[in-house]
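We call the chains A, B, C and D, going by the order they appear; numbering starts again at 1 in every chain.
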Amino acid sequence: MKAILLSVSPDQKGIVEKIAHFVGSHGGNITNTSQHEDGGVFISRVEFELENFDITKKNIPVEFEKVAKQIKARFEIFFSDQIPKVCIMASKEDHCLIDLILRQKTGELNMKIACVISNHDELRKISEKENIPFFFIPIIENDPTYEKKQLDIIKKAKVEIIVLAKYMRILSPNFLKKVGVPIINIHHSFLPDFAGANPYKRAYLRGVKMLGATAHYVTDELDGGPIIEQGVTKVTHTDNLVDFIRKGRDTEKTVLSNALRLHLNHRVIMYNNKTAIFY
Amino acid sequence: MKAILLSVSPDQKGIVEKIAHFVGSHGGNITNTSQHEDGGVFISRVEFELENFDITKKNIPVEFEKVAKQIKARFEIFFSDQIPKVCIMASKEDHCLIDLILRQKTGELNMKIACVISNHDELRKISEKENIPFFFIPIIENDPTYEKKQLDIIKKAKVEIIVLAKYMRILSPNFLKKVGVPIINIHHSFLPDFAGANPYKRAYLRGVKMLGATAHYVTDELDGGPIIEQGVTKVTHTDNLVDFIRKGRDTEKTVLSNALRLHLNHRVIMYNNKTAIFY
Amino acid sequence: MKAILLSVSPDQKGIVEKIAHFVGSHGGNITNTSQHEDGGVFISRVEFELENFDITKKNIPVEFEKVAKQIKARFEIFFSDQIPKVCIMASKEDHCLIDLILRQKTGELNMKIACVISNHDELRKISEKENIPFFFIPIIENDPTYEKKQLDIIKKAKVEIIVLAKYMRILSPNFLKKVGVPIINIHHSFLPDFAGANPYKRAYLRGVKMLGATAHYVTDELDGGPIIEQGVTKVTHTDNLVDFIRKGRDTEKTVLSNALRLHLNHRVIMYNNKTAIFY
Amino acid sequence: MKAILLSVSPDQKGIVEKIAHFVGSHGGNITNTSQHEDGGVFISRVEFELENFDITKKNIPVEFEKVAKQIKARFEIFFSDQIPKVCIMASKEDHCLIDLILRQKTGELNMKIACVISNHDELRKISEKENIPFFFIPIIENDPTYEKKQLDIIKKAKVEIIVLAKYMRILSPNFLKKVGVPIINIHHSFLPDFAGANPYKRAYLRGVKMLGATAHYVTDELDGGPIIEQGVTKVTHTDNLVDFIRKGRDTEKTVLSNALRLHLNHRVIMYNNKTAIFY
């Protein structure tokens, strides 16, 4: 069993040694590190074996807090036997949802899908066939109670990460403030390219030769959050709009599942509205 | 020796047969065709051997004009033994110019570089070392005589295609109207992404995971002309701005030379502000 | 509705015109052609609209036979409203089978999965959940009756194409001779690289930086049939054997479904133990 | 100014801390680490700033030797202001040599090309135009004196790395034993695919859909040394053998320069006949 320790701190001498000393002095064995200084910020990912570690899992964050204070770090600790609980939010399109379910089943995505929340009822069958609780919460303009319902479900299910798998609504600042867990969105273009609606039609009319997709964390700024993963696929003049959409969707689901896998494997750290990815 | 016949016409029955009949009835042998209907437009590329062809090269366009009238086509005919004359326009950056020269020398780009025109004097040495006439034409605001000088050189050199190899100025509507030959530009982003200035800095600050480059024909609309080729390269959080620029430049020159090769091999047809590419 | 006419003939003058004349003289409208001469062989794909065509679908092959005789062509004619019947053969691994089912459901693959044949019983549940007849036919060495059973199922289901979706047995020359339909296989390497068993382990030990997969038609020569599609994915030293297998499988299923889509869309012609692909 | 410390040791607790303590206790600031355990081997790359470091550059290896002994590591220390001296060996093909020279000039490759050694005289002009000493050393079968000449040049020029830029001869075990510096070769295929002669012709006849190239360190085993980088490019049935060679060469030079840049930036560690690459 392994622990993964992510931290971000102002750059300064001795960070690596302090973290390594913490692990070593308690009997841990470091098996992987990736650390990097960028613009005065020191980002660190350290993986270590817990066999013979003399602090209980529960107490590790408490104990590491002392080191963190010294180096002014914010940090998170994860364990390789934890299976994160995920809430998937989607609208009508099913390709990303199906892909995520499939990859969870084959073991590629280490997660438990705690629930699916949708503003439509179309995806119920897919979800319930897999015994995933499905919540149809219609959106009523000017009535924020739907948001409360969403948040209640998320809290109750103890969700650790939300995935917007083609959820075609904008989350309100109030929702983002209250939700308390990271949210990953898949955007149907090579951001900041074609931000907004109908990207494939616009890409088709523009005659582009490549379609892109971008997975990013959601922040207050629409389509402006830290990018995790981007991918592209080639298109030609013999591809019509239907082909653009098909190829685009294929790219979307690949990029989303790659981004989610990186997140679930604790290989992503956010800083300065960017991400460091430890592939 | 081969002829390449490119044509664009309104879609209608019988186009393929009429073109094939023209070639066959004069003793030509078709070795490759790529034809496609898109939105009521029929795009055609036909390659045929000229051995035993009973019309002289000079007269082929005259004779084909009769077919073209019937099918309301605009067309161009090229011959495999023609070596197009190219004018390269550049400013200070040398990576694209050097790459184009190199690929011309190795035979990858079937062209003669007739001249280099620059608004700076930095690239003189590179050009003259290769015996390419270099024209330093400074740009004087509000004095359009520099544009006349550019056009005079281009006309005199009987240039058939202009390549903007990091020419960092906008060509005026007047220039575009008078120049009379196609112009290919390399844009330092995945258009329409990051159109405008400083794309690498903006991409770096945005924390993108891929850099793009786009080669396109120049039209009146800035960065809005038909796209020929796009390419991408991966970047990570360990790449700093200098790395972004290096990787971006590498992508730029690859994309530009690919686009130019497609054009020089008569594999590009423009229609509806897009391109059909016959790879 | 459209017809797709694939043909292969010795190169000679007039092929394009003869085919175009056949289509046009019967009232058809050609919407796409791709034709190419390679080593004395002329390969042709012509797509045309059947509206107003004055020969019935059933009679088109009969009538075209006359043209084919003139140009010594072998040919096939397909119609865009035909949905090919496919037999999937697989062993124990489910990733390719699941992917094919999923892409059939989303409409990406235009096919009907007529049956699944396996030498194991593991994939029964996946198949039957989708109402696909599943046949568990164990392989008994030195008893060729299992082969007869396979062929009987294939004949009875009027299968037009067989897909080996990780079928880990070699098909006998007898089977290949009798089956009468094309067979597409996915090979877990960048052929001819790592032909044979345990490719991922051998790739891992060799320390490669990219994994490949190859989809090809099956012929008498093991792993030696015409290649349809190849794909690669990057690996690094932090990928262990389990990662190699996961990444390899992802590449396998993508390459297989791409190859199958090309085949189902009648975009592949075999000649000289190679393929021409009309993307 | 920075130091880069590469080390390989048997896995054990405390390595990271010991290395970090060495750096920190002498006043260094770590700006990047990448460390990984694979099969009982611990591979480490640590980058640190030398400002305020209290050991002279010359003495750092001497002092670190004490740490290395404790953790049984073999190690190398490089400095960011060092410019490695490179010997390029080539035969007649010029594409890789030209590309390396170009990238050295643009600053992409941080190196000094100390000399070019060739078994032919064709590349003299290219080398001497850039003021690079060129040595034409013909190979005389059964007369090993040419090898002595090669080694003398290499020793005299104090070369730190040899690049085989399409050097079409096999280096003898004696040469490899005596040369004392790493050698990077570019192989014209996706190794172990098409090892040996005429790979493009064989790939063309086989009808592959992708061409590969592999850069690797040279060892006693022909084409069997640790792989540094691999790349691919797509080919289609319209590419003839000349196109295969052109596309293949483009891939070769890109892969070779990428591999060399990784090596020159001290981002490659060899272990277990593989490489760890710290991108």
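The rule is simple: contacts are C-beta pairs under 8 Å (C-beta built on N, C-alpha and C of every residue); 3 or more make two chains touch, one makes a residue touch a chain.
Quick caveat: nothing in here was measured; it's all calculated off a predicted structure.
> According to the touch definition, list the chains common to the neighbour sets of subunit C and subunit D.
A, B
> Comparing centres built from CA atoms, which chain ends up most distant from subunit A?
Of all the other chains, the one whose centre lies farthest from subunit A is B.
> As a quick test, compute the distance in whole Å between the mean CA positions of subunit A and subunit C.
37
> Where in subunit D do residues touch at least two different other chains?
In subunit D, residues 32, 36, 236, 238, 279 touch at least two other chains, as defined above.
> Taking the touch rule as given, give the residues of subunit B at its contact with subunit C in the complex, in rising order.
Counting only subunit B, the residues touching subunit C are 11-17, 20-21, 23-24, 27-37, 46, 279.
> Where on subunit C does subunit A make contact in their complex?
32, 94-95, 98, 102, 106, 108, 236, 238, 246, 250, 279
> Show me the residue ranges of subunit B that touch subunit A in the complex, using the header's touch definition.
That would be residues 36, 38, 43, 190-194, 206-210, 212, 226-232, 236-238, 240, 272-277, 279 of subunit B.
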